[in-house]
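What follows is a short report on a single structure.
Letters A, B, C and D mark the chains in the order given here, with residues in each chain numbered from 1 onward.
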Amino acid sequence: MARTRPRLGVFKFSSCDGCQLSLLDCELELLAVTEAVEIAYFLEATRKDMKGPFDITLVEGSVTTPHEAELIHKVRKSTGTLITIGACATSGGIQALKNFKDVKDFIDKVYAHPEYIETLATATPIADHVTVDFELRGCPINKHQLLEVINATLNGRKPVVPKHSECIECKSRGTVCVMVAKGEACLGPVTQAGCGGLCPASHRGCFGCFGPMETPNTAALSERLKALGSAPRDIHRLFQTFNANAPAFRQQAESLEDRV
Amino acid sequence: MGALPMDPMQPRPFRIEKVRKELADTFTLELVPEEGGEFRFAAGQFNMLYVMGVGEVPISISGDPGDGARLIHTTRAVGAVTAAMGNLKVGEALGVRGPYGNPWPVEAAYGSDLVIMAGGVGLAPLRPAIYQALANRERFGKLVILYGARSPSEILYPKELEKWRGRFDTEVQVTVDRAAEHWSGNVGVVTKLVKRASFDPLHTVAFVCGPEIMMRYGVQTLTGAGIDPSNIFVSMERNMKCGVGFCGHCQWGTNFVCKDGPVFPFDQIADIFSIREL
Amino acid sequence: MSATANRIIKVDALARVEGEGSLYVKVKGDEIKEVKFGIFEPPRFFEAFLVGRSYAEVPDITARICGICPIAYEMGAIQAMENAFGITVPQPIRALRRLIYCGEWIESHALHVYMLHAPDFLGLPDAIQLAKANRPLVEKALRLKKIGNDILEVIGGGRAIHPVNMRVGGFYRTPRKKEVQALIPDLEWAIEASLETIQVVGGFSFPALEQDYTFVALRHENEYAIHEGRLISNRGMNIGLEQFLDHFDEEHVKHSNALHGFMKEGKAPYKTGPLARYNLNYDKLSERARQAAKAVGLGAKVTNPFKSIVVRAVEILQVCEDALAICRSYQEPSEPYGAVPVKAGVGYGCTEAPRGICFHRYEIEADGSVKTARIMPPTAQNQKIIESDLWKVVAANLNLPDEDLKWRCEQAIRNYDPCISCATHFLKLTIERD
Amino acid sequence: MSAMPGEKAVIDRERLNDLISILNRQGYTVIGPTMGEGAILYDVVTGIGDLPAGWGDEEEGGRYRPVRRSDQALFGYSKPAQGLKGHLHPARQRLFAAERAGNGFRVLKDEGKAPRYAFLGARACELAAMRVQDKVFDNGAYRDPHYFAKRDDAFIALVTCAQAGGTCFCASMNSGPDATEGFDLKLAELGSTFLIEAGSERGAAILAQLSPRPATDADRQAGVAQIAKARQQSRSMVEGVGPMMAARLEHPHWDEVAKRCMTCGNCTMVCPTCFCTTVEDVTDLAGNNAERWRKWDSCFSVDYSYIHGGAVRSQGAARYRQWITHKLSHWVSQFGVSGCVGCGRCITWCPVGIDITAEAKALGG
């Protein structure tokens, strides 16, 4: 069954590059991927700078500058299936911490010439700007999930990327719950599965790289964390890190604010 | 340990003999087993159909239970698997597991009037019952087919409906929710047709299949007309991953829709039928 | 081409680097007017939003500065905190830290050498084309890279990017002996593969360019410094980390969102990274690494930046050997981490990221919150020297057609394996000739 | 001494080493309790040195701690964190592979050989749970070969409980702490010896090789006393819970639990009877090879009840209701037994400590 090779574009917005690196980190599958798709634009990997349209586009990073806010519309126009990858692209990422602060103040703190810096007041997910066909979560994404999404898109099936809690993944691999067995603060019950259950397997609580799960009861978790001895400030920090701008986490952090 | 015994989770490849486009999003496949032989089933049963590498979904059998030579399915493309199924061509293969589930009790209706009420693609799972009833027409009293579609262009099997209507011994009434200009038939919900249909409620068996909301009103109207709930049968839909009671997904109260249904006598489920989110 | 005609060469986005930056070159006749290596990676304000966070969160947060060298950030932050709290970790933990860093080096160097840099020397746009020409080579490269990632996964808690297992005081969970020993056969293979890599890249032809650099690198008495040491230079500097800011500073220039690092003394540019390490720590390389370098014509001094690819290959060999030794002698530590006596104070951390030194300084409050944070990533420090290299490259190649000149400039930038994400990211390459 | 099924004997604890080696020689992989990372877990054991000597456990709603005992008991805990479900009904199981052939495809024969397990230290509730799952995977019409490939031949060396854990309520579910059938060997740890009896012929044959000596009255009485002690449990299931729940499908309490329940699914994952699965289709990039995998699923996930257009159980309240009514009520109608064996794992491992016995009581009121 010969298929025509779809053209793949990889675009970067504000981010750490880790999610697109995940594609190069698929060492065993990389050559097969380059056979299955034509890598038409992927700055991290090739000088080849082919113009759109692309069949599949991976977008990493969040929108933090006026330039990016424009660019994303161009990317959307030039692509068939647009897949956003990573916490930055799907919720704003770590840099969305600036959404809760005075950005000017931030610029003053870091740069000697604030007037050189062009930035928006917020870091926002791609879906706030254009229609997104599939959002792949994670900080960073899981490379196996990335391959699965590419694979499923090529084969016309629904990617196996469940939206249920991290706990299910954790228990499926047989990890002992760190919250129950050690009293550690863990975001697993309200976080979407996908990482493979790494933190609890490393004896620490989940810190929410994959963002809120499908129906996150963050209030119930907060109560429990308090009962386990976490200070409101620590709970606030926990919700306000890698997916601070994801609505469920943002709201939970806000509801803790008067007690921080 | 030697070879595993026959695995109920393993599909058998069937070859597509014919593809017919029924509606904009609905198509019928005619299949024959690659290994040869016949496919026997009872009206109302379903198969798990596997599109290689894409997924597997429950689809009712919509062909004639009297004809084991061809397996017939009518499917509406709504998502990934059904869309991929719709893209298959004659000569390609589809995996089949089945037949599963409880059938329409066509034989139990012998001697009574039979009312068949269908909405949308819900006519597909009822078509085998209609074929069987027509093949045994002399064993029934009245045979009434009430069918509702959203619009005239969404009427499934229009030619057959026309043919059945042409028979002197069968009453066929069709209605649409939204009429187009050239439509001169009934407009309104399918339950409205019950009033006009002629059957003896005390000696009637009714089969109902369609969207859950339609079935809810349908059953209400039929019991209102005097049919005993134990003589009304509905076909339910729930998420299914296995079709044989292993995966748990289709649980509905005490039932597994896959093996205790999909066809249920209404009196057995009346107490849970309208509980929200059960 | 007439010497006075306007020539504008423009490359909008530099490829095969991490992050996004630009180059602007202005040439009038034979005279170069301006060379600006700009970093337009949007600023992400890490130093600002670290303020008020708990010391314990800093390693995970700073990891997100860069997906390519997260260990450099995690380890630098951890060491700074340990420095502030007066913690010294026991030997087995130290060994594990070096091991995971070796993993990052193997991964990052293998990626850069084969996938990002080698295509320049072969005139190919990318490693995909290289794979078409020499698939076994690329497969080997990928396997080597994977071995680096495997180390990162085993020690780092299951993923190579933003590993979850490192913490102030040690690790959350120390790997079991059998998990570490499972790495041994691959590392044995990797040593052979890195010897072969040195041979392959040592055989490339290198554009001529010798520079009298000021090299700055970490130096450790007993080992090829990666994750610990004093800072030294080839001009006699030898300082502890706490003196870093007395000697180095950074400035904000208009064409870049990254601050440009410089040495206070004479406001001079300096060079960090493989070449600096090699020149300053040649004596700490293993005998095998030195022999392999020699076999492809590399002595104790290397000052052609284009040869950095060979030096990286030598470093791969070095860290494969180091990693293998650590794996072979690994004993499970009795405790994964020690106590963390939180107190107010200032802490410094500096490690050798694959592309150069990465410096951290934090002021911590009594409750363990961050009061101030300062991070100087390697690429920011190298920006000035990159510009200086480019200046020379352009001058020496003015006769080249625009396309070729542009490519040569890119190659010169890639000598640094610049990690622009770190430095802040979008490389626009513009060469303007008027 | 020849050991007859049902006859009680005594062996020294070191004989467990022989038991393990005999089982190994017969081709069994012996699975038993071990002190894992943070909790007692079932894993492969090759000798008594692998058993969690001197370890017990403290359990409460949402809380588990391994604790040191004052003695060196090998089975001195209440139950391992996860049961034996993962061995017979693994979290991931390949159902089949297919490859493209011409216009169609071919389903490939699975050459994989099922492991032959011996479960050393299985608890009565765990055996009860296996017998519950037996009914699920052999429902009269269909029998799941993947499950039974491991189950049919599994050797069970049950060890009865010497004390109940903080969340156990098997006594009120009639599934423990003792069992009368379904095992090959049954042991009770009495200090440095074990009271042992065979429950099958293969069990008896092995027992005969363990240098058993006849049990004295005192041994027997110690065994009885131990079971009686383990029957002292702080929790119990309300009586008549099945019909009660079936009559309260619409009750304000569901919304009340939903405020606390995070729909995280931990309870279903640790429950030794929960059997629900979903499937995953995987392909190679070219789509020429495909596999279908079965994976544990949970009625707490939204996709679980998804039908085109939306999930049937969109609300947390509906999902909690599905879970508890299935366990305690609908299961009985479906399989003739309760879906809950009272092991208490769902209580211990619920991160917020939701207690099935307390919720059942609350609903009953």
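The rule is short, and it goes like this: a residue touches a chain if its C-beta (ideal position, glycine included) is under 8 Å from a C-beta of that chain, and two chains touch if they have at least 3 such contacts.
Only a predicted model underlies this, so the values are computations on that prediction, with no experimental measurement involved.
*Asks:* Please find the path from chain B to chain C through touching chains that uses the fewest steps, and give that number.
*Replies:* 2
*Asks:* In terms of CA centres, which chain lies closest to the overall middle?
*Replies:* A
*Asks:* Based only on mean CA positions, could you tell me how far chain B sits from chain D in angstrom?
*Replies:* Distance between chain centres: 40 Å.
*Asks:* Taking each chain's centre as the mean position of its Cα atoms, how many Å separate chain A from chain B?
*Replies:* That pair's centroid distance is 43 Å.
*Asks:* How far is the middle of chain A from the middle of chain C, if each middle is the mean of its Cα atoms, in Å?
*Replies:* 25
*Asks:* Provide the C-alpha centroid distance between chain A and chain D, rounded to the nearest whole angstrom.
*Replies:* Here the centre of chain D sits 36 Å away from the centre of chain A.
*Asks:* Going by the touch rule set out above, which residues of chain D reach two or more other chains?
*Replies:* 37, 100, 281-283, 287, 303
*Asks:* Identify all positions of chain A at which a residue touches two or more other chains, and write them in rising order.
*Replies:* In chain A, residues 155, 157, 203 touch at least two other chains, as defined above.
*Asks:* Can you list every residue of chain B that touches 2 or more other chains, as numbers and ranges?
*Replies:* 53-55, 79
*Asks:* Between which chains is there touch?
*Replies:* A-B, A-C, A-D, B-D
*Asks:* State the interface residues of chain B toward chain A in the complex, per the touch definition above.
*Replies:* Contacts found on chain B: 53-55, 79-81, 83-84, 87.
*Asks:* For the complex, give me every residue of chain C touching chain A.
*Replies:* Chain C residues touching chain A: 12-20, 41-49, 51, 53-54, 57, 60-61, 64-68, 70, 111, 115-116, 119, 125-128, 131, 135, 138-139, 142-143, 145-146, 149, 157-162, 164-165, 167, 171-173, 251-254, 257, 259, 336, 407, 410, 419, 421, 425-426.
*Asks:* Which stretch or stretches of chain A touch chain B in the complex?
*Replies:* Against chain B, chain A makes touches at 155-158.
*Asks:* What does chain D use to touch chain A in their complex?
*Replies:* 36-39, 41, 62-66, 81-82, 86, 91-92, 100, 259-266, 269-270, 280-288, 295-296, 298, 300-303, 316, 348-353
*Asks:* Mind listing the chain A positions that touch chain D in their complex?
*Replies:* 1, 3, 29, 32-33, 35-36, 148, 150-151, 154-155, 157, 160, 162-165, 167-168, 171-174, 176-183, 186, 188-190, 203, 213-217, 219-221, 223-224
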